[in-house]
């Protein structure tokens, strides 16, 4: 039954995808550089939120250190490009792999902790990292931060405008999203979900919790690292003001709002929150108040997240339909 | 007016917290009501609507990014109040080029992304002639590349030398403030030459501006062959200074140089005096600020501070503004407010000189302004950085900042 | 397809394994030998320490003394996932599936484990899956449905199918029949038969005597962690200690 | 010097312990960390300010009135940000609490302004202890905190209400079966927690001053205190608080003032590594 409905959806989805692609190509030509920057930042946050999806949505581990990892990625890029003078691609790779490694090692230490003890450790990690970001002059430029990080460039192509950067980021986002799909279908992805749903059963099926969780943390680190690299290239200025505990909580809010069941949830959550931030601007003094209350209400109305709620509705609809047809047959 | 607004705000927030418990239908309602309330109680809210189309007769728009909400919102309260005053003042005196001015405020949120988004949103509005950046070197540095891109006259409120460099290399960005370099040097000079002190401790917040000031204190002391006996950094939000004070005591010094923001300054002074440490404190601008004095009370006495502004200033323009501010809002007028007043007046001046609202023309006009008398000090915008001339060294006596020395500095080159 | 080697060589041996929680003795010098293609019954009143023994074998608890060997390999200290890789599969009293995933994924998880040892060829795999699902009475469920749609009994079946697909050497079944109707009982029997067919050593914890007596080659009776009797079904039924344990004051069987 | 550090460390420790205790009470009753606890501190402080500075009531009276109001706030908070989500996954509750904390911060700013303010001290001046000097306000904080802690202990262990709360904390379903109105009992817990933390805010105001963001910093340290002391244990919260306070003062003096907060969290991580359940907490064994 569902199979049939899904197959019905297929062409629709295809059309939607095509529209999305064409749309996204023309966006830069129709929007202001302000909106474009908002979109760029939003897509970068999307990468970070995906990292939360891998860790929380797939592997069931909740971390408050994602913004910290994002920062690590950014500062790696800044240092590799400015102090060592390497080209963008190498810096990008360094950020991605470096942050992944960083996360993997920490994961190996932290994931000896079960349940929410890991979450506590991650809060600690975040605090430690933000302390370093603010005060480690040699690497992070202290509170003043690092300015004039070079633009993103490959060979002759230099992404020095908002729109060119837009395409770079969107390409990375698309690639990463596809990789997510692969991960979801892979044995590794399944072992993540096995741990999420029942760690002991997972062990009895030959899944090594410590290693698997650490890998999950490493992957989320890689995502944050990539996001950080892009952020450094995009804004050209890094300071402790960006990589805060609040930012980490924002990522959690985004994924929870969108729904932890699929990357689509990450997309929806990120865009709703990021754009909400900008939409409520006209409220001036009141914007944060409304924003906060908005988060509460959304959470109360959709505790499973928008995707989760949507899925439930869809299934109910399917069941209803099935029931009806069954009755028809029985008559 | 203010009371009403606050009570209304409380009522709203409670109403909405309650509504959060109810279902989504309540959501829409409560949000909409609060929106309208916001618009009603917050004139600037309507001003933020950037969808109006340009028209020669319509008001001249000037952008202002400041931190209205979040952790650094103190700045925003002063800024938006001051913006209202200057807007009314200009408009009641016939406006600029015969047109009213309208100040469009955007919230910089106290983060880099927030600052940039706010700035870009303003810059994207073709009617906006010039933009005042927020009161933080970080924010101003964060937006500097966007300034290059947007090609619109932008005035930075930050005072760090780093910002000065950036401004000098960026034709569109003006730092309308004396760079700390000159001010800190002056305070050191005063402490060493006129107070005849020999050994010092430096205690400072690791936050951008304060860390910078601490560095400048050290550099200035070096010119007298003095190295600080001890440098004690702390992070913003520190509540208990006992370990910091202990280090200062151990060093036993003649005087303390201090650089940080209001709350930390007040806590530091209180705890110093509570331990009967009566050493003279030479502080950054926050130490002479009414907010700090109000919090620290008697503990703030015999504190020296180098600042550009005191509410009881002798400068007639400043005095008038200060009086008006206090009359309208009850609180003493702080530097952040006076700064906005000067920035906007300067921009209006530039527009007058340009005789048009063309962005390029206004920017060029700005660069011609030399010793313009503002509420805080005189301004020399012939080069982009370090435009605010002069400053004050004040001593707090009976909780009143009293000017002990007026400075007029040459431009730092 | 039984070969004579595994006939006389035990697959899994527990020698004098013991465990106690605080003062409470959960397993006291338990010694068991299990052979491939045989079913080994483990019975006893509630709280006799049957599940504890399973947890000791799978490594969820570490034993205080004694040794556990799998195919002659000492796995006494090995962590749970290692033992699983070496071929110890289990089901739980209450099925533990990937609640938020579809049935396909759950099955695949078992195959993943098998693949970690050696890749299976797709056709053979596919036929195995269809066969097992057939035996388990899951023939006409939609593999892309979420497991939430399955009944309690179906979940238990699925769990067994999953463990069978992981090609274990030893299969530990923790009260597979509890809470199932007679039809589903037959499915269980069918699946166990498949396991024997595949030369797997099956350990069956069960309260339903008919099932145990019907299918097991060897039976061990536990009471308060003590191994009070072992032998063929016939011997056990005669054994006085067993009868006391069940009918006497010390707890009573669920069925 | 060391005596000075010891005393200030201890006093700060007691303060963190007080906030931590408030968090622990809620955690024990609903099994979820309250991410808006720091805001209770802030709101309590502002209520105190309203009575003391605007209505010019004596500080002790203001504290009392403020604590009563905080009780109401606690219940409202429970009803709005916890109760609707009690059946949802805990992450949802955490997120809604985060939303609430933003809303509270901003609501406070809009109500009382962004300019930091202060309230009267309970006792002015300073006392000498050996070579060390300590403000009387600190001593009164210790005094009042200890009284509060004892009060909470008696309330929880000895009183009927306490037993109701404990029963609900252990098993909501069971509690409802034996006729305990769960919402009332949870409401009481939130109220109690809010009151304790709120009084803390009122007492801290003259020392650290009130601003809508004061909650965050203290909240973070209180959190560290809980984790170090042992999650869900009231004595653990207090001991953890003391440890944090002492690490702060001595670490600051002898290791680094720049990394004071970092030091605290390094201690936290180390404790987690070697004793995840904290000093007083009992480890959660996973059921096989």
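As written, the chain order gives the labels A, B, C and D, with residue 1 at the start of each chain.
Just so we're on the same page, a contact is a pair of C-beta atoms (placed from the backbone, for glycine too) under 8 Å apart; a residue touches a chain by one contact, two chains touch by 3 or more.
On a predicted model such as this, the values are computed, not experimentally measured, just so you know.
Participant: Hey, which chain ends up farthest from subunit B, C-alpha centres compared?
Facilitator: In terms of C-alpha centroids, the chain at the greatest distance from subunit B is C.
Participant: Taking each chain's centre as the mean of its C-alpha atoms, which one lies nearest the mean of all protein C-alpha atoms here?
Facilitator: When every chain is reduced to its C-alpha mean, the one closest to the whole-protein mean is A.
Participant: Using Cα averages as centroids, what's the distance between subunit A and subunit D in whole Å?
Facilitator: About 32 Å, centre to centre.
Participant: Centroid from C-alpha atoms only, then distance subunit A to subunit B, rounded to Å. What do you get?
Facilitator: Chain centroid spacing, subunit A to subunit B, equals 35 Å.
Participant: How big is the gap, in whole Å, between where the Cα atoms of subunit B centre and where those of subunit C centre?
Facilitator: Using C-alpha averages as centres, the distance is 73 Å.
Participant: Among the residues of subunit B, which are close enough to touch at least two other chains?
Facilitator: Each of 9, 13, 16-17, 20-21, 69-70, 76, 206, 233, 235 in subunit B touches at least two other chains.
Participant: Mind pulling the subunit D residues that touch 2 or more other chains?
Facilitator: As it turns out, subunit D has residues touching two or more other chains at 80-81, 84, 96, 100, 103-104, 106-107, 110, 258, 261, 288.
Participant: Do you know which subunit C residues sit against two or more other chains?
Facilitator: Each of 60 in subunit C touches at least two other chains.
Participant: Which subunit D residues qualify as touching subunit B in the complex?
Facilitator: Listed in rising order, the residues are 1, 4-5, 8-9, 12, 76-77, 79-81, 83-84, 96, 100, 103-104, 106-107, 109-118, 126, 133, 135, 207-209, 211-213, 216-218, 248-253, 257-258, 260-261.
Participant: Along subunit B, where are the residues that touch subunit A in the complex?
Facilitator: 9, 12-13, 16-17, 19-21, 23-24, 26-27, 30-31, 34-35, 37-38, 42, 44-45, 48-49, 68-70, 76, 80, 105-107, 110-113, 116-118, 120-121, 123-124, 137-138, 141-142, 144-146, 149-150, 160, 162, 166, 206-208, 211-212, 233, 235
Participant: Quick one: in the complex, what on subunit C touches subunit A?
Facilitator: Result: residues 58, 60, 79-81, 84-85, 88-90, 92, 96-101, 105, 108-110, 112-113, 115-116, 142, 144-145, 162, 166 of subunit C touch subunit A.
Participant: Taking the complex as given, what residues does subunit D use to touch subunit A?
Facilitator: For subunit D paired with subunit A, touching residues are 35, 80-81, 84-85, 88-89, 91-92, 94-96, 98-107, 110, 220, 223-224, 227, 231, 258-259, 261-262, 264-266, 268-269, 272-273, 276, 284, 286, 288.
Participant: In their shared complex, at which residues does subunit A touch subunit D?
Facilitator: Within the complex, subunit A touches subunit D at residues 56, 62, 109, 112-115, 117, 120-121, 123-125, 127-128, 131-132, 135, 199-200, 245, 249, 252-253, 256-257, 260, 285-286, 288-289, 291-296, 299-300, 303-304.
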